[in-house]
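Sharing a structure, written as structure tokens. Questions coming.
Chain IDs A, B and C follow the sequence of writing; residue 1 opens each chain.
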Amino acid sequence: MRKLILCLAGLMMVGPALAAGGGDVVLKHKDWSFSGPFGSFDQAAMQRGFQAYVEVCSGCHSLDYVSFRNLADLGYNEAEIKAIAAQYEVEDGPNDDGDMFMRAALPADRFPAPYPNKNAARAANNGAYPPDLSLIAKARANGPDYLYSLLTSYVDAPGDKEVPDGMYYNSAYSGHLIAMPQPLYGDDVTYADGADSSVEAISADLVSFFAWTAEPALEKRKRTGVAVVAFLLILSAMSFGAMRFIWADVKK
Amino acid sequence: MSASKFSNPVVRWIDHRLPIFSFLEHEANEYPTPKNLNYFWNFGSLAGISLVIMIVTGITLAMSYTAHVDYAFESVERIMRDVNHGWLLRYIHMNGASFFFIVVFIHIFRGLYYGSYKAPRELLWMLGVVILLLMMATAFMGYVLPWGQMSFWGATVITNLFSAIPFVGESIVTWLWGGFSVDNPTLNRFFALHYLMPFLIVGVVILHLVALHRFGSNNPLGIDTRGPQDTLPFHPYYTIKDFFGLSVFLTFLAAAVFFFPNFLGHPDNYIPADPLQTPAHIVPEWYFLPFYAILRAVPDKLGGVLAMFGAIAILFVLPWLDRSPVRSARFRPLFKIFFWILVIDCIVLGYVGAKPAEGMYLLVGRVATVWYFVHFLAILPLLSVIETPRPLPQSISTPVFGGGGGLAGAVAAPKEKL
Amino acid sequence: MAKSQTKSGADASVEHKSRRDFIVVATYAMGAVGAGAFVWPLVDQMNPAADTLALASIEVDVSKIVEGQSITIKWRGKPIFIRHRTASEIEEASGVLQDELRDPEGDDVRAQKPEYLVVLGVCTHLGCVPLGQKVGEVRGEYGGWFCPCHGSHYDSSGRIRKGPAPLNLEVPPYSFLSDQVIRIG
């Protein structure tokens, strides 16, 4: 047992070391509704985050792995999803004449990307590629806190720091120089539910949304997990009891 | 093979023609097992079950996976989002790999501590080392399949190890890649081999079991069993004990799968592979970290590669490095101390492997690497000569210590059977 | 355990044995239930995935189909024939006597709106796609569709009239969302 404990201790040392990203940045921590073994998504926040993504982020950032039909998880009904999808155009074809054509998006379609390919995205953004946001919350160490910190940490550069053209100062970004201009200034979106639209509030809503796009099965996973772990604990206790019974007549 | 062994006529009919029931009866029911095995002996069966879990989830994942550079990442995301229970299967497979290694590492260190590699179990031990090598190759290729940034760059770095081989290195790497960099042909063949190798492991595991059943399990005392009073039938005693161990193991695995599925992974692997951009800090999966640290500790390319492979190769000759006739560390006071130093050394190597190769980390890594080899090449042979083992008990069921004690008694006991 | 052993007599050992058997059997049974529960995801992953199901029902705007013409669309990997029938075709289809048919079915049962016939374009004989969709293609002796593989003739209601096919062309599940929009599936 001692060995096992040592091994686990070793793992605990190594695990965070693996996850560690930019060491010079302290992230702002928030208690997200989706963290912890019983965590779940906040639908209202996700809907607001979705609105903010559409109005602020989607001009440059794609959402490649998310389909309109997935929006049902945010609490939209079928008609609402159809209406949202219909605002987008996707390429289809070839038609009977062999040509590709544009049509209104359907719930089964994925969100169309703002640029046709990576090179076009780079060309339009000073050579910096705006990453796809579907998995962003899992593709960065401490994703939710990282995103929240990044969005809320555009501050004036300290006097001795030179900020080149096309770069911006962000105290939460590793190296502090980021190619993305400050996306949020407060009141960037007007929420239908009258929720707070400060930079911090919109950032938190966006994080809720991106936590979902990165891991849509999160709620199901945690709910299943509670049941499975409970089952296995009972099974462990029962098999321990059974083992004691069977071994009872063995002379030690 | 008397036919009267089974009362059921169908069983009897089959068993007469295909003695599968006799085999099972002999190997599972009657198989005499030392009665004093502790919980560390659970890890062998856990490793076997881990292998089954990996194969089963792997085959189902393969049904939805596309081994093509343009679709691999997307097909994994489709598994995570659209395939029924796909997220569950993938997370079990992902975390199952880590747990498989945890179990196997504990299994190996158990063997080291209780001297399970010593005569007459040398081949059993060597087959185990072959399994470890196959597992490492399988895990490495599996990690390439999601085609994220870590997949791609891990594949690039590890395949480049072979370029250290003099004269033919470059040709070998080109041959491994099927091109001039890690690309679609590489991904395709890695998928084919990743699917194949688990079944090779199954084959070697069967040999491992055949070798095990030749002399039976070692035990915490490290002395041979001397008759029925020392043993128990495997069933029901060890079936229920293994079942209990399995329940606990699955509880830990489930906790990881359902609550921390990405804890042992790396965030960069959720970024699609980009052959033009290396992530800032690339590290292998945690189970390769000690070997990675050894690789980086040597300032010479070929030397590093040789040291890394040597770290495993040395295990093959371990039975002949440790000449002490006493198996269990319980009766070897000095060996016991050095065993725990080795454990710490491996953990240190793992820690250093996750850190950038510079400054203190590099220094510590070098010291730990040297110690690893010194342990096997110098300390173990030396200990077999200078150490005075404590007196061994006469048998498992009679905890009476051999008269006189000292080296003479200790040597006599295990040699009897040879 | 110590307790039950101190109880003297056969009673105690019998009681001990039955308690032991119960918990052992219960444990292994529970393990079997757990294993069974784990098998379900392995089996269910082979069922159609969410993205496949999302395409399992499609919506078609039929307003652009000129009277007398047909369109072919793909639904669940198979062709669907939608024909905007002319008045004479409807009349012909509904005028057939039931006992003339191999697979008796009324036209009013097959077409929710008589102007639009929606059928699966797969011959019920051996699965070929019948001709008759494009202008100028053979429509068979009954003015519907003709399967070139083994010569089955379908009428303007998609019913089998001549040839080896046993059944009428299948009508997929569909409904009119509005006058001109059909949802198939």
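Heads up, the rule we're going with is that a contact is a pair of C-beta atoms (placed from the backbone, for glycine too) under 8 Å apart; a residue touches a chain by one contact, two chains touch by 3 or more.
None of these values were measured; they are calculated from a predicted model.
Colleague: In graph terms, with chains as vertices and touches as edges, which category applies: line, ring, star, complete, or other?
Modeller: Here the contact pattern is complete, since every chain touches every other one.
Colleague: Give me the two chains with the most inter-chain contact pairs.
Modeller: A-B
Colleague: For subunit A and subunit B, what's the span in angstrom between their mean Cα positions?
Modeller: Each chain reduced to its C-alpha mean, subunit A and subunit B end up 35 Å apart.
Colleague: From the C-alpha centre of subunit B to that of subunit C, how far is it in Å?
Modeller: 49
Colleague: Could you pull out the residues of subunit A that touch at least 2 other chains?
Modeller: If we look for residues of subunit A contacting two or more partner chains, we find 232, 235, 239, 242, 246.
Colleague: For subunit C, give me the residues that contact two or more of the other chains.
Modeller: Counting only residues that touch two or more other chains, subunit C contributes 24, 27, 31, 50-51.
Colleague: Touching two or more other chains, which residues of subunit B qualify?
Modeller: 81, 88, 236, 240, 243, 247
Colleague: Would you pull the subunit A residues touching subunit C in the complex into a rising list?
Modeller: 67, 69, 106-108, 231-232, 234-235, 238-239, 241-242, 244-246, 248
Colleague: If you look only at subunit A, which of its residues touch subunit B in the complex?
Modeller: Subunit A reaches subunit B through residues 1, 3-4, 6-7, 9-11, 13-15, 17-19, 21, 37, 65, 70, 131, 134-135, 138-141, 143, 174, 214-217, 220-222, 224-226, 228-229, 232-233, 235-236, 239-240, 242-243, 246-247, 250-251.
Colleague: Quick check on the complex: what are the subunit C residues that touch subunit B?
Modeller: For this pair, the touching residues of subunit C are 24, 27-28, 31, 40-42, 44-47, 49-52.
Colleague: Would you pull the subunit B residues touching subunit A in the complex into a rising list?
Modeller: 35, 39-40, 74, 77, 80-81, 87-88, 91, 102, 105-106, 109-110, 113, 232, 236-237, 240-241, 243-244, 247-248, 250-251, 254-255, 257-259, 261-264, 266-268, 270-271, 280-281, 283, 286, 289, 343-344, 347, 350-351, 354-355, 397
Colleague: What does subunit B use to touch subunit C in their complex?
Modeller: Those residues of subunit B that touch subunit C are 56-57, 60, 63-64, 78, 81-86, 88-89, 236, 240, 243, 247.
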